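Each in structure tokens, the structures are laid out below.
Next come two complexes built around chain A: one with chain B, the other with chain C.
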Partner chain A sequence: MGEFTRLATGGRRPVRAAAIPGVAYILVILSVLFAIFASGFTSAANLANIGVQSSILLLLALPMTLIIMSEGLDLSIGAVLGLAGVVLALVLVRGGGVALGLAAALAVGFTFGLGNGLLVAVLGMPPFVATLGTLGIAQSLALVATDGQSVVGIGDALPALYTSTWLGIPFSILVGLLAYLAFHFLLYHTRFGAYVFAIGGNREALRLAGARTDLYHVTIYVLGGLMAGVGALLLTGRMNAGHPIAAIGMEFDAIAAVIVGGTSFERGNGWLPGSLLGVLTLGVLKNGLNLLAVPSSLQVVSIGLLVIVALLIDSIRGRA
Partner chain B sequence: MPAPPLLEMRGIAKAFPGVRALDDVSLDVQEGEVHTLVGQNGAGKSTLIKVLYGACAPDRGEILFRGQPVRIASPADARRLGVAVIFQELSLVPYLDIAHNIFLGREFRGRFPGSIDHRRMHAEARRLLALLGMDLDTRTPAHKLGVAQQQSVEIAKALSQEARLLVMDEPTAALSEREIERLFEVIGTLKRDGVGIIYISHRLREVFTLGDRVTVLRDGLKVASLRPSETSVDELVRMMVGHEVDTTYRRRFCDQPGEPVLELRDVHADNGVRGVNLTVRAGEIVGLAGLVGAGRSELARAIFGADRISRCEVRVRGQRLHGARWRTGPVRSVRAGVGLVPESRKTEGLALIRSVQDNLLAAALPALFPRHWYSPRRAARGAADLIGRLRVATPSAQRLTKFLSGGNQQKVVVGKWLAAGSRIFIFDEPTRGIDVGAKAEIFGLIEELVAGGAAALMISSELPEIVAVCDRAYVMRDKTVVGELARGDLTEENILRLAMHHG
Partner chain C sequence: MSASIPFGGLRSQIPSDVAALGYRLLVVALLCAVLALSSKAFLTPSNLLNVLRQGSLVFLLASGLTLVILTGGLDLSVGANVGLSACLAATAIKATGSVGIGVAAGLASGTAIGMLNGLLVTWMRIPPFIATYGMLWVVHGVTYWYMAGDTIHGFPPGFRALGSGYFLGVPIPIYLMLAFLAAGGVFTRYTTYGHEIYAIGANAEAARLSGIPVWLRLNLVYILSGAMAGLAAIVYLARLNSAEPDIGEPLALPAIAAVLMGGTSLFGGVGSLSGTLVGAIILALVLNGMNLLAIDANWQPLVTGVVVLLAVWIDIMTRQRAGSRA
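Moving on to the complex of A and B:
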């Protein structure tokens, strides 16, 4: 993935075939297969649908890329999204506007992201353990706040926003695109981005360079929480309600998309465009299997296979 | 009055518990001077450098920069003064490009808050590399660079911080001849710019090709500071030996060794060991000498099967040990009777939080309990027997090993292999961290083992130990065996001559 890192860091070189990561091949092959065998896959409506369905996952996969690059993990991101969605719905039910609701959802995300960051970066807890703990907290808070019921009656403002389009682009795709551009700028054009590479690759070198390593490390997790808050806006808008358990398991899809996209858990080796491709691959796979009427229980198997195949391709090519 | 030197270290002393690391060492470096620093392992070179860059506070002594006394309490202080150290373990961020690595933490600010001015940063990085005569694409990520190129990036990083004093710790250790030449050219450029350089090396030839002055350290003391033209390789080697170690131990050497029990023929291993030939016979203690990084521990791990051997063969009592790749590994070695007494006794040799008995029997369980049923009585008997044979000083077999002295811990490790029926013992620095009295006891133990027909391969950095204890010795350098010294030729000077580079 090194070649691509260089391309993505601003090098203006033609893409060499050897540098194309496994995920790109998989995405093309899957798309061609579904275009042939799944009727309706290539219709404009269906393609837009894939984009819409992928946008929430993209919001989580972007910060997850930075988190994994820093040799970390955030298992709580799905549960935090769920809790933020419930809080957002509750604000709307009580007559608060969409702006206030979003602010509340972001506050929830910020709090949990800050907590994760402090546990991992400052207290030095293993990320797996720390975020497993916060996952449990967010999950049960969502259930307590709603009594385990869906929060309905959120009014028309949010659903209207969600179904709105701009130049024909659905709102959720627009949010996903903006988020991608923001993260791309952040990772490849700012100091913060350079420090993300350094935290995963050589934390000591960064510390000796006099950077406030802990602050940046915490910020990475805070971004995860904030993006969960934005994701809550889309999820609640799409479902027209707040569901306490609707986002369960999303962290695994996000991690899968990042890994499939070529980011590794070691040495700060990450590639943001790969995560975008990973998210799209997951979206295409789920959508195609739905069109082929494959039961959802089998779809989980296919995601597992996807992760393994993508890693296999990269490891075989890495050796060559 | 002449200008004060760039750096002056006066009367630096530093003691660690039980070790006098530095004792009244003084050193000065002029602008544009290469001052080489030589000495055996443990002579005090690293400690001196740590003091200089603020990683270790001296007990006594003062440091002057351009004649002004300064206090260096942290690496940040050192950097502010213009001191940069290039360690053997390079410290780049693997997935950042060259320019980012050079300016890590000091990026040029761009138009937006927090953004980076890539154009200026790359231009400046190119300029620095051009100064060093390096033609590298500044967009290449560090993990794609070879060691020599990474070193150049580190030097460029030091230059960008306006370093006036550069410390290089064995910079040529991993370089090819051509790369070394290039590095020397770079050093020449730096000298002309007035940068002072402290250059640590184990290659004595470099003292003469590169150094303006050389300082020899031994046992934390400065033996001499002189100009290369005033000395010779032989004299330097003589100054470096004479290491004080209690060598009251006298053993009866083995006159008639038995059959070869361990034979290596052109062994190559994944960990870097290459082309090693070596034979150990029953009843012999064979030394394995060399400087730190020469590949001794790697060879021990390869023989033991802990690291994979790529080309071999290793024969134990005539039987091929590690043949095809699926037949390697410690399991086979242990079954063949090889026991490794590792250097890091506390992490690789023992489970410190377990009892003496548990540790003694750790490798012997298959032998003691062939039917997989554990018998507490038989275990206790086995442990008691070993404790008696090895004279382990422990109040009971149930005592946790972490409460034992270093010497007694070492006996437990040896006992573990005795219980497993080992006949070939590989000792990696068996006396490290063990007090003088216990050392003699450890040697006595090794001698008893070989007197009983076992064979021992002993790695030691203490040359007098090798000379006092071993029947023969092999000397390693650059991951291979470069010479064998028979009993009659086994002297500290001969070992050091082989262990160091001097063309």
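Moving on to the complex of A and C:
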């Protein structure tokens, strides 16, 4: 398999990891700036806060990395997270346990992930338009299920789980870390991971080699849906309620984190640790701007500018 | 696939174009029949004019988008563009009392966003869907910051006439729609610019090699898409008589749906503005029908999303059939 991996990835992976990526510079520069100008940024409580706030984004950025590596995109992932959260909250309100609620949220995520995967991989639709369509569907269902209102009264079990710690590590950071390890193993140490590189890099060669390309391609989108389901667990626990439009726009943060992390839309060129750094960069940026009392509307603008800066750095380094 | 179309392809394509338009008009007729049977309120002159007015708004937004999609690109920022342009136009009218300056502000804002999109796509070589998607959120953020929770409402009658006025019993936006359909039709079919836009969408590399200034033409279509979003913002603002930061958001998906439903291919090089007009009317009929049948407005994104998916699926099937015939 080692030989196949190297062929499928064009030997790109080791080269990529050896260079210091642009995102590392951005993260360090931002952290230093906020440490100087935003009082309270470096306190232990605030740093832990950044970790907690970044965990949901990490859950989405991990599968988004694989999706973008496959020359795809998932614009629906935020709306699906919102719908899964609403379903989870409704299950809890009706007295189902957290386990049943999570199962329902995962089922919602799986269904939409499968739908996205089939539209993109089997029907051959351009991913950004296919997932724009499913975004509308997920958003509608969340609004109709709740009549546009928050779902409150979800009981104590999920908030208690969310605020629990293990060896001093908050639950959400733990979930984020486990998810990262799982995706890292999946991408770099399994046959599936090698295929993910190949689907973006040279799909036709993979097909001719006899691999069930479509199956793996669909699986990438299913992972996106499932992680949206897990993210719904954290978001609902954090908000102590299910809200139909709470997660709208989260897909933009996830895509931004992946791009800032150095994964590109071309030729299966992806790097999972970069996405982790990208998520932390976005977390640091939002947290620092919050401390500086910059309104959240301008934080969105700053993320857009961050993406442009990251792409500029990439293209300058690419030319050099 | 598109590379295999021979030089005679354009002529042999015309009958299938007509047939495709015929299918879509059939959809319009069927929708009308179903709605007429299920709601007495449908076949009244005022409701039919209402459908056309709703369709004209979507068409104005979708017409610029059609040009972008003809080049094989996409502009996801048109809805956010409408939001910011409407808010800036509203501010300008309130500040100066002049309708002309308000209209100019809306058009300038829309055009400026279009220029930025064009530069991101051509100069920075960011894939169009990701560049305009990022622009969507940047413009969204700027609009919310600028409005800071405010709403601007109450505009002079001269301005409101642009969206809710009548001339000879027909709403003014419908005249705008017809004027831009005619102008756009001439532009796409009878000018070199138009032919070059189709050529870029069919095969950008071949277009570049045959001396078409691809870079400039791509900038042009994004600028036109932005300018049309600015115009749509003005008409929409004049109709609502109230500017809020999120007024454009519900328009983006319907505009994309109208273009695709009108037979313009996401893969570039195939489509027409008249198709987009029919697509916009199909969409307006569906939304009007949901209104008349008192269906919860929360279902609208779902219906529009399904329309988008259906349209893309039809596009792909058509291409596959054309490919296997060739």
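One rule holds for everything that comes next: the second predicted complex is superposed on the first by the 302 of 320 C-alpha atoms of A that agree within 3 Å, B and C clash if a C-alpha of one lies under 4 Å from a C-alpha of the other, contacts with A are read in each partner's own complex, and residues count from 1 in each chain.
In this text, a residue touches a chain if its C-beta (ideal position, glycine included) is under 8 Å from a C-beta of that chain, and two chains touch if they have at least 3 such contacts.
A quick note: this is a predicted structure, and the numbers were derived from the prediction, not measured.
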State whether A:Leu143 touches chain B only (first), chain C only (second), both chains, or neither. second
Once chain A of both complexes is superposed, is A:Pro295 in touch with chain B (first), chain C (second), both, or neither? second
Where does A:Leu119 make contact in the superposed view: on chain B (first), on chain C (second), on both, or on neither? second
Touch test for A:Val52: chain B only (first), chain C only (second), both, or neither? neither
Touched partner set for A:Leu235, first chain B, second chain C, both or neither: neither
When the two structures are overlaid on chain A, which partner does A:Ala198 contact: first (chain B), second (chain C), both, or neither? first
Dominant toucher of chain A (residue count), chain B or chain C: C
Which of the two partners, first being chain B and second being chain C, lies in contact with A:Leu75: first, second, both, or neither? second
Enumerate the residues of chain A that count as touching chain B in its complex and touching chain C in the other. none
Per the touch rule, the chain A residues reaching chain C in their complex are 73, 75, 119, 123-126, 128-130, 132-137, 139-141, 143-144, 147-148, 249, 252, 255-256, 259, 265, 295, 297-301, 303-305, 307-308, 311-312, 315
Chain C contacts chain A in the complex at 74, 76, 120, 124-127, 129-130, 133-135, 137-138, 140-145, 148, 253, 256, 260, 266-267, 296, 298-306, 308-309, 312-313, 316
Of all residues in chain A, those that touch chain B in their complex: 2, 5-6, 9-11, 185, 189-192, 194, 197-198, 200-202, 204-206, 208-211, 267-270
Chain A touches which residues of chain B in the complex? 75-76, 79, 91-97, 100, 104-107, 110, 112, 114-116, 118, 139-141, 143-144
